[in-house]
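Worksheet: one structure, shown below.
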Amino acid sequence: MWQQKTIHLAEKPRGFHLITEEVLAQLPEIKNIKIGLVHLLLQHTSAGLTLNENADPTVREDFLQYINRLAPEDLNYLKHTYEGDDDMPAHLKSSLLGVELMLPITQGQLNLGVWQGIYLGEYRNFGGVRQLIVTIQS
Amino acid sequence: MWQQKTIHLAEKPRGFHLITEEVLAQLPEIKNIKIGLVHLLLQHTSAGLTLNENADPTVREDFLQYINRLAPEDLNYLKHTYEGDDDMPAHLKSSLLGVELMLPITQGQLNLGVWQGIYLGEYRNFGGVRQLIVTIQS
Amino acid sequence: MWQQKTIHLAEKPRGFHLITEEVLAQLPEIKNIKIGLVHLLLQHTSAGLTLNENADPTVREDFLQYINRLAPEDLNYLKHTYEGDDDMPAHLKSSLLGVELMLPITQGQLNLGVWQGIYLGEYRNFGGVRQLIVTIQS
């Protein structure tokens, strides 16, 4: 069975945010699925999705410090600069960590590891509301 | 319904290339699908696929400059060097940005964001024709 | 048709390991599938999965040297340090290369490129047994 819908994530400050609950609250369909897969596509090129540690907020703080150094804003060779200093680095980060996830569903729940959660990487200073296309197969 | 086929991308110079149209031209099946998913696997270890900005060519130029610095060719600790200076860095880049994409199909079209396009990252100086396995579910 | 199961990977030292055979030995179901997709989710945040070169072991050695420099253990700004020097860098590496793969099945076999194999990136010094959720659709 196929289900597909558009969902939104409330605007967030630049940084990494644990969004597992915000996503699941918009996907009550999952509770009725015994075996399946849910696919999340973030429809943006200056933010991203990744799985990582869901317990200690300092992990997300460290991710932000790290990624800001991995793709910094003062690279003098960048040409795509007219949308602001944070724009081209945001595009780079978006491809480095990716914008889509496929997650298994088992007995009505996402079957993630005990320590795994879904992160939104918001790479813009003012990214606004973010939109996801969710496709559920079961 | 399942459809699976092999498609090819014409040889391209080292760099990032917007291939959305080149891929879609080989997948007329998508036009007939209301809800589905298309999976693209690039069968190579020295090139990659990623989603990013589809409008300004300087974004792709900046990606090339950035990735060449992120995985440069003069790393003196590399051992896998007999296929040329561009080979081991190409393997690293291939895993950093990835080689597969899963994309939603809605009402006969890829349901990407307005600014999203499919990039081929060609990391070799002479990579040749590249091959994809495409699997469509609907 | 849907099949889903949990499989395990034997404990491995820190580094990159070619696990294609170890995974396939636990998935005899694939032999009976004409067209399908197999999804692998590694349920951990300090290890990862990626596709790369399956022939020359020096590629895996170079990956280890490279990734250890890309996310080193002496970053003085990291806050999440109480689980050991190798922990926060392991989280970073896990998101950089990812923890899930979707692979096409064709005529009873994984349809990878001739040179492609599945790597486990073990980023902890003592990571222990690693667990995967495998979902097969056909």
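A few notes on this one:
Note that the chains take the letters A, B and C in the order they are written out, and that residue 1 is the start of every chain.
As a working rule, contacts are C-beta pairs under 8 Å (C-beta built on N, C-alpha and C of every residue); 3 or more make two chains touch, one makes a residue touch a chain.
Keep in mind that this is a model prediction, so the values were computed, not measured.
Counting only chains that touch, the fewest steps needed to get from chain B to chain C is 1.
For the self-contact between chain A and chain B, the two sides draw on mostly distinct residue numbers; the shared fraction is below half. Between the Cα centres of chain A and chain B there is a gap of 20 Å. Touching of two or more other chains is recorded for residues 70, 96, 98, 102, 137 of chain B. Within the complex formed with chain C, the residues of chain B that make contact are 2, 4, 39, 41-45, 70-71, 75, 77-80, 88, 91-92, 94-96, 98-100, 102, 131, 133, 135, 137.
Contacts from chain B toward chain A in the complex involve residues 35-37, 50-53, 56, 58-59, 61-63, 65-66, 70, 96-98, 101-104, 106, 111-116, 119, 137-138.
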